[in-house]
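As structure tokens, here come the structures.
The same chain A turns up in both complexes below, where it pairs with chain B and then with chain C.
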Partner chain A sequence: MTRSVSFLLLGLLALSAALALPLVSDSRFLTLFLTQLAVMVTFAMSYNVLLGQTGLLSFGHAVYFGGGVFAALYLITAIGGGALALPLEFIPLGGALAGLAMAAVLGLVSVRRAGTTFAMISLGMAELITAAAMVFPSVFGGEQGVSTDRMVDVTLTGLGYGRPSEIYLLVLVWALVSVALMVFLSRSPLGRMANAVRDNPQRVEFLGYDPYWIRFLQFCIAGTFAGLAGSLFALTFEIANAEVFGLRTSANVLIATYLGGITYVLGPVVGAFVVLLLELNLARITDAWLFYYGLLFLAIILFAPRGLTGILAELPGALRRHGAAGCLRRALVWGPAVLSGLVGGVMLVELSYHLSNSFDPSDPLRLFWRDVDATNWGVWALALGACALSAALVLRARRGGRRPEVVVTPLVEEGS
Partner chain B sequence: MDTFAFAVVNGLLYGMLLFMLASGLTLIFSLMGVLNFAHASFFMLGAYFAYQLSSIGNFWMGLVLAPLLVGLLGATVERYGLRVVHRHGHVAELLFTFGLAYLIEELVRLVWGRQPVPYRIPEVLDFPLFSIGGIDYSAYRAFMFAIAVLMFLGLLALLKRTRVGLMVQAALSHPDVLWALGHNVPRLFMLVFGGGVALAGLAGVIGGNYLVTEPGMAHQMGTILFVIVVFGGLGSLLGAFLASILIGILQTLMVAFDGTLTDLVVSLGAAAPQATGPFREIWTITPANLAPVLPYLLLVVLLIVRPRGLLGTRET
Partner chain C sequence: MMTASGPALSIRDLHKDFGAAQIIRGISLDVREGSFHAVIGPNGAGKSTFFNLISGRFAPTSGKILLGDTQISGMRPYRINRLGLSRSFQITNIFNEMSVFENIRCALMWPGRAGYCFWRRASGYRRIGAEAERLIEEIGLSARAGEKAGNLSYAEQRALEVGMTIAGDARVLLFDEPTAGMNHNEVEQFSGFLRKVAVGRTVMMVEHDMNVVFSLADRVSVLVYGQIIATGTPEEIRQDPAVREAYLGAEA
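Here is the complex of A and B:
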């Protein structure tokens, strides 16, 4: 009881913060960030309906997102041209319908198998749609894409939706409605049955349910909300090309969802937040940000399969078990090893990146607030030294204390 | 007719290259249950390693050393990566190899840059072997063919005639019994993963200068590769072989021929359609435009007709 109350309070707090922030500060950057966050959260939550709840690993979720994007772009243009008398606020319904229609058609073939086969089929479908979209520039606009203008006359509230803060409100409302609906659906009988199909499809079949139809329904739900997220994307950016269907979009949502933690209902929210923050800030600091991003993803898979939310949730338990002193001692043993490894690794990556990708390798490189020369061997020696120190510290820590515990839990069972 | 023959021969060669990758992938999958998403990335690493080695030494050094290096890297990945995530189930393993593919692509960009590298055919083999109807057939293609055939014969001999091959065959069906009999099954897994990945590296060495060595080659090759293993039936070597050759030849044939729906309509005696509106390109698409779509289209059709693939025996 207290848990749900605190949960509710936390949600209300976050909501009021989300509403108040753009009103308090007039920064366009912040408004755009929050708008993108709302889109990403909706998309990642819809992805987790498949991966976390039903155990279906998809490499083609961008197809349904893209369907929503293009449906919304054409709908907005139709409203703007006077061909359709639908208020702009209802555009996301069109996107959701497009996502649902595509998921219902492609899902019939896709969800016959779970596990690896499903993953490969989803990849094949995504490549099929992407390649086909490239063949039809009259619909998908080819390289330059399809664009539209969201400032139409037909609106419900009378807002013009020209300013970023106005479109932010619209996106936020739709994102909140979708997140609430998805949380509700995950607690509904269908959501529970989906969990059962994920964990033990044979047993579900014995109980008289058909795993195929449960997977199919979940697939449709995921497609619907992905389409909705796509239409929110279209409302925000007003332009898209066929690349939106591609593996990069699918990989992005997969990584965001997994980073956040797929075993928690609101894990994708955390993941979307972190990924967007990394995307916007890390990309400004370093050109090699995608490399760090991939490294973080691998580290999470190897060492924290419950994601960032899992780390946060297990922190109080670890504190209680080992006591404050024990935790501090562990931090002192492992901290320097991790830190020196990070510093050495980042130096190596930045140096080699500078050497192979800049016009003049002897240009000074800004590294840890200092200008260094990447062609000088001294910097390389320093970087390698930091890596060696880290390796030595890890070896010592392993011999000295026990290894850090790895929580052994079957994350997502493979269905048949 | 000559064009047709050349297209078939080239398609066969492309199919062989695909099977060099697909065989390792299938072997790893049927033994360990892991579909190695990063398989094509090791193919790419093979090409880049060979480029690097041939720029400091010569092509032959790359041919020998690059697959070995790739295999060593693969064995390390299995030992310290895959084995750790194995306890979290197959989905976690697939995710791990997916992350690995992502990382390797970025690593290649990091070290060798975004542009294609000038990895060239060795001069010794850079001459036309014979020519039919004015089209030259390069000696390097014949060399690739020979390498691919040699590799299959070697693999077959290894699987059927040696002790390690016997253990692999046993582990395919009953890994637990093999373990109980005192054989080191985890080490066998490591060897097979390293070996399969080394085959991909070899394909990269001889394919990298035939195709283009650039950071996008893994993604391009990888998606077709997965189509092949699902199409042939997951875990079936023969199925993978048939699918490789089929898709290789079909894709090359599509590029070699032209003609559009408009041409067809006109040749049937009707007036040429004046297409307007969305999807109007359907009248002017050539088979070459459709070549990238074809493998995926085939996959979807096959999955509707026969969900377990061409020669698949398992349900998943």
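Here is the complex of A and C:
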């Protein structure tokens, strides 16, 4: 009870912040960030309908997102040209329908089996659709893509949607509705049985349910909201090319969802937030951002399979079990080890990147607020020293028998 | 519909081969409506395979299975289940990541007519929720209702397995070694529970514990090497010389 209350409060807080921020600051960056966040959250939540709720690992969820993107682009143009008398606010319904239609067709062959078979089929579908989209430049616009103009005359609210803050409001409303609907669906009989199919599809068959049909319906729900997210993307950027169907988009949503934590209904929200933050900020700080992104993903898989939400959710329990003093002791033992490892690792990565990528390797490199010379062996020695220190500290901490508080619990069981 | 006098299950000349291996070699058996029918036999005799054929996990190589008047051989398990046959597994087969309550509720969804509904909340089905709580109480897991099924002790998981099987209104229940791995006290308690569950239903049970078999069953079949060599009352089976030789011999 208290947990759901605190969740609710947290949600309300985040929501009011999301609403208020673009109003108090007219930073375009912030508004765009929050708009993209709303799109990403919807997309990641829809992905988790498959992965977390039904145990279906898809490598091709971008297909349904892309379907929504292009459906929306053409619909917006149709409204703008006067061919369609639909208020702009209802564009996401078109995206959702496109996603649903694609999922209903492709789902028939996809969900026959779970596990590896499903994953491979989803990969094949993604490749197929991307290739097909490339072959029809008249529809998907080839390299430059398809663009549209969302400033149409037909709107419900009278807003022009020319300003970023106006489109942000529209996207936010649809994202919130989608998240609420997906949470609701996860609590319906279908949603509960989807969890059962995830855990043990064979047993479900002996309880009167056809796992195939459950997977299929869940697949359609996921496709619907992916299409809706795609239409929000189209409303935000007004342009896209066939690359949105591609593996990059699919991998991104997988990583965001997993980072957030697939066992929590709202885990993908956390994941989308972190991924977007990294994408937008880390990329400005360092060229090696993708490398760190990959490292973070690996670290989560290895040490915290319940994701960032899992870490947050475990904190109060760990505090209760070990007491404040116990937790502090652990932090003191493990903190320096992790910190020196991070510093050494980042130095090594940055130095290597600088050496191999910069025009003149002896140009000064800005590293931890100081200019250093990457051709000087001294910094390398320092970096290696930090790594060695970290290794030594880890070994010592392990001998002390204090392993970090990592909860490794088996996750999704993938059967057929 | 079923006639009052006909058997609940009738099996005719059932065969199952796995590749070249003939595991079930011509079983014919009638299970009377309302009876408690035990199936005994040595390890590897094909008892679990027999249950797997009846419940639809495997399709028979040949032969017929009738549930009431309905021919069910070769049907998918969920269809057979909807016709009123429910089973438990020798190796515990539950939903590990879900709570005890959720496990039981899932077993009650279809009988409770929730179907594939996605436009209502599962907790809105009051009758299903209340029945789940009652059933959890009955299998003695009330204190553990919120615990993840994967965290339960072995005995608790066995109880949950049986709870999921008896959930709903199946007329025919199959139990595959429900007491496997239980200690003496637990077995004692558990057979009392089974006796209660069986009232008004037809039960088939594979069981190695002869005390349980002879105290609960009103019919016993002996399955040896894919064939039923004898069927009768517990007393008849105890006296049967062929059975004593083939199976009980070691104990007698």
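Criterion: the second predicted complex is superposed on the first by the 402 of 416 C-alpha atoms of A that agree within 3 Å, B and C clash if a C-alpha of one lies under 4 Å from a C-alpha of the other, contacts with A are read in each partner's own complex, and residues count from 1 in each chain.
Following the convention adopted for this analysis, a contact is a pair of C-beta atoms (placed from the backbone, for glycine too) under 8 Å apart; a residue touches a chain by one contact, two chains touch by 3 or more.
Please read these numbers as outputs of a predicted model, since none were measured by experiment.
Partners chain B and chain C, once the complexes are superposed on chain A, both fit on it without clashing. In the superposition on chain A, A:123 makes contact with chain B only, not with chain C.
When both complexes are overlaid on chain A, the residue A:132 reaches chain B alone and has no touch with chain C. Using the contact criterion defined above for the overlaid structures, shared-chain residue A:208 touches chain C, although it does not reach chain B. Within the superposed three-chain model, A:278 lies out of touch with both chain B and chain C [touch as defined at top]. Look at A:304: by the touch rule set out above, it reaches neither chain B nor chain C.
Here the apex is the CA centre of chain A, and the angle it makes with the centres of chain B and chain C after alignment on chain A is 80°, in steps of 10.
By the touch criterion defined above, A:295 reaches chain B but does not reach chain C. Once the two complexes are overlaid on the shared chain, A:113 sits against chain B while remaining clear of chain C. Once both complexes are placed on a shared chain A, the shortest Cα to Cα gap between chain B and chain C comes to 12 Å. Shared contact residues of chain A, touching chain B in one structure and chain C in the other: 410-413. By the touch criterion stated above, chain C contacts chain A in their complex at residues 55-57, 76-78, 81-82, 86-87, 89, 93-98, 102, 105-107, 109-111, 114-123, 125, 150, 164, 168. Across the interface of their complex, chain B is touched by residues 55, 57, 59, 109, 112-117, 119-121, 123-125, 127-128, 131-132, 134-139, 247, 251, 254-255, 258, 288, 290-291, 294-295, 297-298, 301-302, 305, 349, 352-353, 356-357, 406, 408-414, 416 of chain A.
Chain A contributes residues 184-185, 187-193, 195-196, 198-200, 202-210, 213-214, 217, 221, 263, 410-413 to its touches with chain C in the complex.
Considering their complex, residues 29, 33, 35, 81, 84-85, 87-92, 94-96, 98-100, 102-103, 106-107, 109-114, 219, 223, 226-227, 229-230, 234, 277-282, 285, 289-290, 292-293, 296-297, 299-300, 303-304, 307, 315-316 of chain B touch chain A.
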